[in-house]
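Letters A, B, C, D and E mark the chains in the order given here, with residues in each chain numbered from 1 onward.
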């Protein structure tokens, strides 16, 4: 009985995690400019990772694999937002101004340093 | 079921390869190259090559991207487009492609067990490894003992690359910039990456050591460990600045690591000779041949790890020092 | 059945295409760094050829698990060869980039036609 | 169940690759590479479970650690060029 | 296992393990001394191996104690003993003479790295010749290639860098083609050991991949050996390399690639693939003839002395391929002998060029006026080696030209035209050697050049003269190399065990 419950919970978590990943991916593609796309990317980094890994941990029960899964989740949650922050910081410093309400970023051209 | 993944990832691979060749901004090409190596590692993993995927990950994502970027920083990152017809190049290359695809129909289908590859030498390895070495990871057993001579050659290829880069970049650049080479401050004012990085570096080096000594039981070994530890120290150099990293791991230590690793590997072979076995025959190292094999594999994996880590780091420092000069 | 049959050869076709893309870049492009990138793609294709050989239907990676009886394993030998070839590729790449840096300093350019023109 | 998740991750990788190819500004491409790296970690862990060989998670762990080095190297590269441009403009 | 049985392994291990040691020897003179000691040791091992092979026992060495198809086997038979003598001899001789010339061209703090790369090159080439495992040959081919890129990149002027970059690109493509060929053969036969491959390739049903593999291996090794259409990297690389590096590489680097091509072709593909002899001859013969004629004619009009000799090397490689393409016992003997004799002749010529470089900054023929009066001994040695290159009777070159002509006659109806080609190209060789002699002896010294007697340093001069005398000695008493060449021909084509 417990077994079945665990399975169902982890299936649900995995499904929602998968959906989150998909939403993040689509967001990354359709959003107008750089700073909005960074939100979409960070969504997948944190939420989807959390859901998928917890779902898998439930599946693998108490074992070395669970410890590894926990370590991977921890490092992903640690490094993902850092990288996104550093990226946004570098973009801001080098002059890519976030948009007010025009929606289309002034510096759209490719030769942005 | 694996066909779906294989099909999917291989198509992505081809798209990325074509995109790399077509783009003219070299920086974009380097970014796509790191995606290319991510895809290669995923493909290897699906085709049951866990060790190779780990090597491609450790070497491709970390070290290759960093070396390419430091070379781009020293040269320009724009490519002058080449006008004119590309029919000749496309023609010769197209003929080669047709020839290869034509020849591929006689090759054994992906994964069929009757292929000659699986009949002759491979079953012997799979059967004899538990008997001679009693270690789970057959790839490490072949890499270090059955074909240990190849890996010795491999360590000396890395050694040659290291002394080659030191030799070629040993020449001072002609026009030394008037200003004293100001210390390359790492991502100084990026406080958050610095804090997280300082937290991360010990774990990367610890994971590198884990991969080093876990080589017999799971995917891992000398090459992967050396590359991961080198990536850890490179991360420290990126965050704290290259001068700081040199203080932590000075050049003399790096040279000692490379030379020590190569000599350690060779010394194990010579000791086997002196003890009456053939070159690199570890079973003579200890009374019980199986224990001798395990001891030999452990020591030469340590030698490989030292050599690869020292070589990759001295290559990185050679390029980074060049950047601060010009 | 025919489609599944053809799928078996898909890896070899990708090997052929990626090999020719790499070779095209090396022959066609004049920027020295782009030639090196083409060279590394060219070598990656060869790795794909070797690793495609080792897959056995339903086999897992050749790491023998103690408890599990008579497991089908993939072939470990091509993986050993490719471990060596990857490190050879990186070493050649590092040496090539060191030469490109020196060429840039002495010639001021890394476009092949300008270098040949300079001498 | 794992198959559904891995297909979702594969589709996201395709979307990230499209962003990397199209991306107008260079930072979009760096973002795409970052997303691609994270998705590879997820894909490798899910496939490790799909194959029933959980001891292959080392590979995903390695990628989780190393992926960030590539991104920070890129930002260091940009910072250098930005500082070099400042020096060129100033003198 | 006695010391004698370890020799095949020691042949590679001695130079390879001494390379890292030399990197640690910072004091300048010590690096050269260590390198020369290791070079001479490996030459002594090669001589001992040749002696052992001459009295009949081919050495087989199972590396790591594992039997042949499962582990890596080393095998030293007549052919590999001959090429080993050639490689280690050229390496040791060039190292002996290297100190003075290298001190002028490489800064002291970079010299330990230079000599370590030199020993790695020597170990790589010896590793290829000794190994009997297809993938092991690839690994050692990479070691020797990387080492020769480093050595050439040490060249004094800036033109060395683009030359060595082109060599790196073409060399890596060649090595990767070879890797694809080995992969395809492994895919169809399941083994990497050469002898095992020979046994198992017969029962391969689907021949397509094997033919494609033969194509890839031949083209890859032709690229490495600078066979005619794929030789564009060689002239620039040898011209702009440091003088002593040109001596070492010109004598043995390309010949080892030809050695692998001949061994692969005659052992693996030959008697198992139907009408493969015809295909190999159809491929190799025209390339060899074209190579000989075009390269010799280009050499005739070349202004720079070193580039002239490098282009003539391409022609001489054409001779070796010509011998191999007959696929007969006489043919293989002729090509093996020419490998040996060309190494002697070309090594001597480039040593003489290194001596000339001491007093003549610019090595163009127009600038070398009055060299004979200022450096009589060097020019005399250059003339002796030039005669051996042409193939004047009494010198080593004559022996191999003679064997080539007999092999050509033996090979049937095309024989006479091939003999004509050999004679015409020998005439062309006479022309370009005469142009050198005329520039050295009869050209007036340029106005401001001083004409005082100024010979090259003694050490360099002694080695140059030693090689010149060897040219003559092996011209008169060719028993040792001839016995090895005959043994290798019998082994490869004659089907002897």
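One rule holds for everything that comes next: contacts are C-beta pairs under 8 Å (C-beta built on N, C-alpha and C of every residue); 3 or more make two chains touch, one makes a residue touch a chain.
Since the model is a prediction, treat every value here as computed from it, not as a measurement.
A.B. asks: How many links in the shortest chain of touching chains run from chain C to chain D?
C.D. replies: Shortest path length, in steps: 1.
A.B. asks: I need the common contact partners of chain D and chain E, sorted by label.
C.D. replies: Both-contact set = B, C.
A.B. asks: Based on the averaged CA atom positions, which chain is farthest from chain B?
C.D. replies: Looking at centroid distances, E is the chain farthest away.
A.B. asks: Would you indicate which pair of chains has the most C-beta pairs in contact?
C.D. replies: More C-beta pairs are in contact between B-C than between any other chains.
A.B. asks: Could you work out how far the Cα centre of chain B sits from that of chain E, in whole Å?
C.D. replies: 32
A.B. asks: Once you find the CA centre of chain A and the CA centre of chain B, what distance in Å lies between them?
C.D. replies: 28
A.B. asks: I'd like the Å distance between the centres of chain A and chain D, where a centre is the mean of that chain's Cα atoms.
C.D. replies: From the centre of chain A to the centre of chain D is 11 Å.
A.B. asks: Two or more other chains touching the same residue: where does that happen in chain B?
C.D. replies: 25, 50, 72, 100, 105, 107, 115, 117-118, 121-122, 125, 147, 150, 153-154, 157, 160-161, 164, 168, 171, 187, 190, 193, 197, 200, 203, 218-219 - these are the residues of chain B that touch more than one other chain.
A.B. asks: Would you mind listing the residues of chain E that make contact with two or more other chains?
C.D. replies: Within chain E, the residues that touch at least two other chains are 135, 139, 142, 146, 149-150, 153, 186-187, 192.
A.B. asks: Among the residues of chain D, pick out those that touch two or more other chains and give their numbers.
C.D. replies: Only 7, 13-14, 26, 30, 32, 55-56, 58, 61, 65, 67-68, 72, 75, 79, 81 qualify.
A.B. asks: If two chains touch, include that pair; go through all of them.
C.D. replies: Per the contact definition above, the touching pairs are A-B, A-D, B-C, B-D, B-E, C-D, C-E.
A.B. asks: Under the definition above, what is the set of chain C residues touching chain B in their complex?
C.D. replies: Per the touch definition, chain C meets chain B at residues 4-5, 7-25, 27-31, 33-34, 37-38, 40-41, 44, 47-48, 51-57, 59-66, 72-84, 86-88, 90-95, 97-102, 104-106, 110-111.
A.B. asks: Write out the stretch or stretches of chain B touching chain A in their complex.
C.D. replies: 25, 187, 190, 192-193, 196-197, 199-200, 203
A.B. asks: Within the complex, which stretch of chain C touches chain D?
C.D. replies: 60-61, 63
A.B. asks: Contact residues on chain C for chain E in the complex?
C.D. replies: Where chain C meets chain E, its residues are 19, 23, 26, 32, 35, 39, 42-43, 46, 49-50, 53, 77-78, 81, 84-85, 88, 91-92, 95-96, 99-100, 102-103, 106-107, 112, 115-116, 119.
A.B. asks: Name, in rising order, each residue of chain E that touches chain C in their complex.
C.D. replies: For this pair, the touching residues of chain E are 135, 139, 142, 146, 149-150, 153, 158-159, 161-162, 164-165, 168-169, 172-173, 176, 179-180, 183, 186-187, 192.
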